[in-house]
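In the two assemblies presented below, subunit A is common to both, partnered first by subunit B and then by subunit C.
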Partner chain A sequence: MSSSDTPSFQYPLSWRILDRAESVAGLWPGRWSSLTGYLFLVPALLLVFVLVIGLVYIFDYSLHELDLSTYRLKDAFSLVNYQAALKSVTYRIVVLRSLGASAIVTLITMVLAFPYAYVMVRTRSSFTRKFLLISLFLPFFIGQVVRAYGWLIILGKEGLLNTFITSLGLPPVKLIYNYPAVILGLVQYMLPFAVLLLAPAVTSISEDIELASEGLGANWVQTFRHVVLPLARPGLIGAGVVVFTLTLTDFAMPEILGGGTTDFIANSIYDGFFQISNPGLGAALSMILVTLGSVIVTVVFFLAGTGTLVSTEGTP
Partner chain B sequence: MRKFDNVPKINRRQFLTGTAAVVGSALVCPGLVFADQKKPKEIIVRAWGGAWGDALKAGVADGFTAATGINVRMDFTEDNEIKPKIWAAVDQGRIPPIHVNWDTTTNATISALRGVTVDLSDLSNLKGLLPLAKPIGLDGYPLVNTYAYVYVCAYRPEAFPDGPPKSWNVLIDPRFKGRVALYDDGIGFNPIAVLVGGGKLEDIPDHMEPGYEFYRKLKKNEPLLGEDADFTTWFQNGEIDVACTISVNARAAKEKGISVAWTVPEEGCKVDTDGLWVPKGLPPNEEYWAKQFVNFALTRDAQKKWCSMLGLPPVYPGIEPPADLVGDISYPTKPEDFKKLIRIPSKVLVENQPKWFAKFSEIFQG
Partner chain C sequence: MTSPLPVVELRDVSKSFGNVRAVKNVSFTLPRGSVLTILGPSGCGKTTLLRMIAGFDAPTSGEIFIQGQPVSSVPPYQRSIGMVFQKLALFPHMTAAENIAYPLKMRRYDPATIPGRVERYLQIVQLSGMGTRRIHELSGGQQQRVAIARALSFSPDLLLLDEPLSALDKKLREEMQLEFRRIQQELAVTTINVTHDQREALVMSDEIIVMSDGAVQQAADPVRLYREPSSRFVASFIGLTSLLTGRATKIQAMDVAIQVGNMVLKGRTADETIQNGAWVECALRAEQVRIFPAGKGFAEFDNALEGVVDQQIFEGDRMVYQVRCPALGDAPIFVFDHDPAHHQFHQKDDSVRIGWNAQDLLVYACSDA
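On to the complex of A and B.
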């Protein structure tokens, strides 16, 4: 066999990739080595930067009035879109409806998610934990729109529930195309998010502390109220903020389950951009939504901390 | 020898059909056969889904493919959603996402005003079409109207044992509380609301208050607001008894076995048109074939098949209505039919629809 026939030795692929990465990293000045870890933040920062650029454009759109003779935004700067949005009774009601729904959904979701997360973390039964985990992740495989249509099938006039009601000789009940139906759909949608965010917080609570509490004479209600809940506060805040903001910006549930008369802000933004082809108004409503959400989250973080969303462990 | 087994076998019937398609196309649309423009593999036509898309495919797209060899891909993006995508593409010098837009005349007019539509004045098949084909208030043919349609009063016959509703006031009848529906932007009903609210045609667009007052009463009756597909679903699921919707949707529902009928109440119904347009910014050869698609859609055969499936009166003159729609005012053919229908010029719609929508939202979202 000639030497040309001998396969040349090669390191494993992963080694070669790391070698290349190291050679690239070698270009990084040595005195900046303490900052090397921050390089991993660059992709995420770039994504945020792109988002900010988009927001800047949207802000710019919001400052121009639509010219109905050409359906283009006028060159002149104007606050007419903000005036239209803030003076309109419709948008005021839509904003209040969205905020109200966000508060209600957050409250109900937290009440339902906490015991779920607690049992999932604390159970000794492997079967129960697996069952709860599968039940938790299953909805993620089903999109929001499909879930909303699922509710239509269940709650519709000839749906599962009304079929049962009418079989009892009672008249059918209108269960969809109203505000409660939207809330119900949103709670179901948000529940897995909340459980996923609460589970680490519950995991971090040592069982010994709960046992100590009970050992000192507290019943389970007292232990729950004075020990578990305060220690789970970071998780509750984190989950609450996520559920609140996701609900505030939701589009599909009010669109599908609301019957056209229970719009949220996102639906009004859609109408502005697409239905009436007024990107200026749609952009102004978008900026109001972003501002509203940011202010509320900032106030929550200021008053109650950032919860599990930002860990303070290890910081000087 | 074996390689010849892969050659598709053409029987006599297929050969004659293909030849007839090519010869026929050469006669009605010479550009289709003799064009020296390079053919794209496919053109993309934005369309509405369901019965609408089926009709366009069978009536126009399949025939165009047979005549040219160019596949037609339907894009079912919502008409309001494709609009800003095309606008952005044209403004940014990018190739638009579709070749032909099947659009409402109002939306198409808005795009024409924005200057993103290609002029279709040179299409050979424009000659001899009904005046309805020509867009009003625009120079040339930035779009071509292809048929008229009527926003009828669709109802569930079981809910009206004494016969069809005579007036649009049925929408505010408390007996049907929560069981009435209309479009979620008021489209198709705004002028009718003025009339049924006690106003006159001359009040439109400056004095819409009677219509708004009617909407306020209607709101108390808890209507459902939706899109084309919703109406079929709602009738199918027994959620509604009466709705203002395009006759195509009611007819399609009926053909699916859903119990639906329709009528033109005494106050009349709004009649409108849809059309086709080609966005600017396509490569020259693709723009050419997109225009040829529109031209093909205006041939007698295409108009007959497409519009008969939809149940709508085409802009090609002299085509008989489908048997089930003979004498139906929702398929207007005679001048007296049109007297019961209300047509608002596109210019008025374009300039006022955003204001009407804002008021509509204020009332129904409030």
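On to the complex of A and C.
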């Protein structure tokens, strides 16, 4: 046969590569095929496992007192670090401040994110949708620290806002290194996460359901309250939990925009490890943070029902 | 003497999306208690028309009147219209009863009367005792019933059906068609139904409007629409219809002779503008054609032809044949054979004779002439 007889049709390269890969995968014994699916879980499980090992070590640190003569942790087990952390008024304020900020940031973010997600999903104008999507993703490329510095440029003592205020002949205002500045920075940081998590929730509510509600006699406020909000609940809770935990464990915003005046738990942990070189205390604070976050998330999911994590009912 | 006010009246309603005219100058009136079906292929503008009546879209021009009042500036929630959506759009977070109570609550009915009303409508749709079920705990047919009850519980002036049966399997769909008809007659509610299912249109309606390309093609009651389709489009959209193109050779009042291929066929037309020698289109319903083995006589038919079976399909209660007639230039003719007595099926490539009467060959002026 001459070479001109070879068929002109060839599988695309991607098919051929996958065929090779499949022939290698064919070596996997058939009677283990029911395990194949679990195999793909292994890398993720390994990562989680490493995290657990780290957590075990930190837990171990937290149970040893710092020996001030050697600056090493003593061998003997003790609860001294926990006592110190829980009795200290400073740390109690830090914990309450973190919790309070998480609650406030979550609330504000959800109120701002929901209309954003709603319009982004529902708009018929592709320009509007693209504009909203780009505005959403742009901050991701910038990073938290740079964004915090951006706020310094705007809100700082000689920042844009104060330049404007003083140009009007008014005295400069202290806009940074306080609690509201940290909240502001955090809300801006959390907004894209919340929108991204809420968008699928809005998408899953069919437009017909909203129209049906209107046709049945509900104006848009009633439709929002009785139909949209209840149907978006899983998304709202999921997004709320993410925003809450991210805020609770945040480090950069309170560090940069708080300027040491409004430390969160993560800042105290950092100080424990690296400023006062007491890994035992830092570890104890870490364990308190992990416990606090876990308990809150568990309670929320318990109250909201399992349907929040994995949808169990379809929308007809 | 004035006739009673129509429940719905459309005057010259048009709707454009950008440069696309989705609905073109549609007018009709609908008297109280009757059922109108808007029938047409997908994309013909029928759903747009329904959405305008419901108030979800505004007409670009023209006006819609409900109970004599223009409604263009009335939002949907202030219109008295119940609608059953294609995908039902039931509220999944509520029970069946809560779904039915929703319009009553939104329309501020006396809370004391709501449970009684909900119970009554559950009964009407034969779902008594199922009120506490969640929507996803109900079967497809039961969900249909909840959607009907929800659309009717507040006694709307008008019921709109946006192809709610299209997702059901055939048996359930036919059952629900009769069920709709029963409920509609029981409550005497004025209804507009939108569908692409010709059978559903014939079964459920007092009046049918056939639409294509945004314009009304014909408005008539089901029998007239089926027997006297006003155009080739309507004839081919409803029923199984063979289409032939030919030239009119002799015209005498409604009787036309048409040259198709080598044959002269006898047909009938309602169009007085057809001239001798003009190109015409003919439509022939499959049930009006008889089929016989080759060589058997059938002198009683006005048109009789020799042909060959191209395809035969067994549908249980009937055979559907596709017959190729060389004399007609091989145009396929569809034939239904219901005769249970002769039990003789023609096979593919069998020679057969087919015949039909002049009155069943409907002749139209060529639409693209």
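Following the convention adopted for this analysis, the second predicted complex is superposed on the first by the 272 of 316 C-alpha atoms of A that agree within 3 Å, B and C clash if a C-alpha of one lies under 4 Å from a C-alpha of the other, contacts with A are read in each partner's own complex, and residues count from 1 in each chain.
As a convention for this text, contacts are C-beta pairs under 8 Å (C-beta built on N, C-alpha and C of every residue); 3 or more make two chains touch, one makes a residue touch a chain.
Owing to the predicted nature of the structure, the values given are computational and were not obtained by experimental measurement.
When both complexes are superposed on subunit A, subunit B and subunit C fit side by side without a clash. Look at A:P200: by the touch rule set out above, it reaches neither subunit B nor subunit C.
Contacts of A:G305 after superposition: neither subunit B nor subunit C is touched.
Once the two complexes are overlaid on the shared chain, A:D263 sits against subunit B while remaining clear of subunit C. By the document's definition of touching, of the two partners only subunit B reaches A:D271; subunit C does not. Within the superposed three-chain model, A:P139 lies out of touch with both subunit B and subunit C [touch as defined at top]. With both complexes superposed, B is the one of subunit B and subunit C in contact with more subunit A residues.
In the superposed pair of complexes, A:S213 makes contact with subunit C only, with no contact to subunit B. Contact with subunit C, but none with subunit B, is seen for A:Q222 once the two complexes are overlaid on the shared chain.
After superposing the two complexes on their shared chain, the closest approach between C-alpha atoms of subunit B and subunit C is 46 Å. Taken together, the two complexes place no residue of subunit A in contact with both subunit B and subunit C. Chain contact summary for the complex, subunit C toward subunit A: residues 54-56, 75-77, 79, 81-83, 85-93, 102-103, 106-107, 134-136, 143, 150-151, 154. Residues 206, 208-209, 211-219, 222, 226-227, 230-231, 313-316 of subunit A are the ones touching subunit C in the complex. If you check the complex, the residues on subunit A that touch subunit B are 66, 68-72, 88-90, 93-94, 156-158, 174, 177, 259-263, 268, 271, 273-279. Subunit B contributes residues 78, 80-81, 83-84, 110-111, 113-115, 178, 184-185, 222-226, 237-239, 350-351, 353-354, 357-358, 361-362, 364-366 to its touches with subunit A in the complex.
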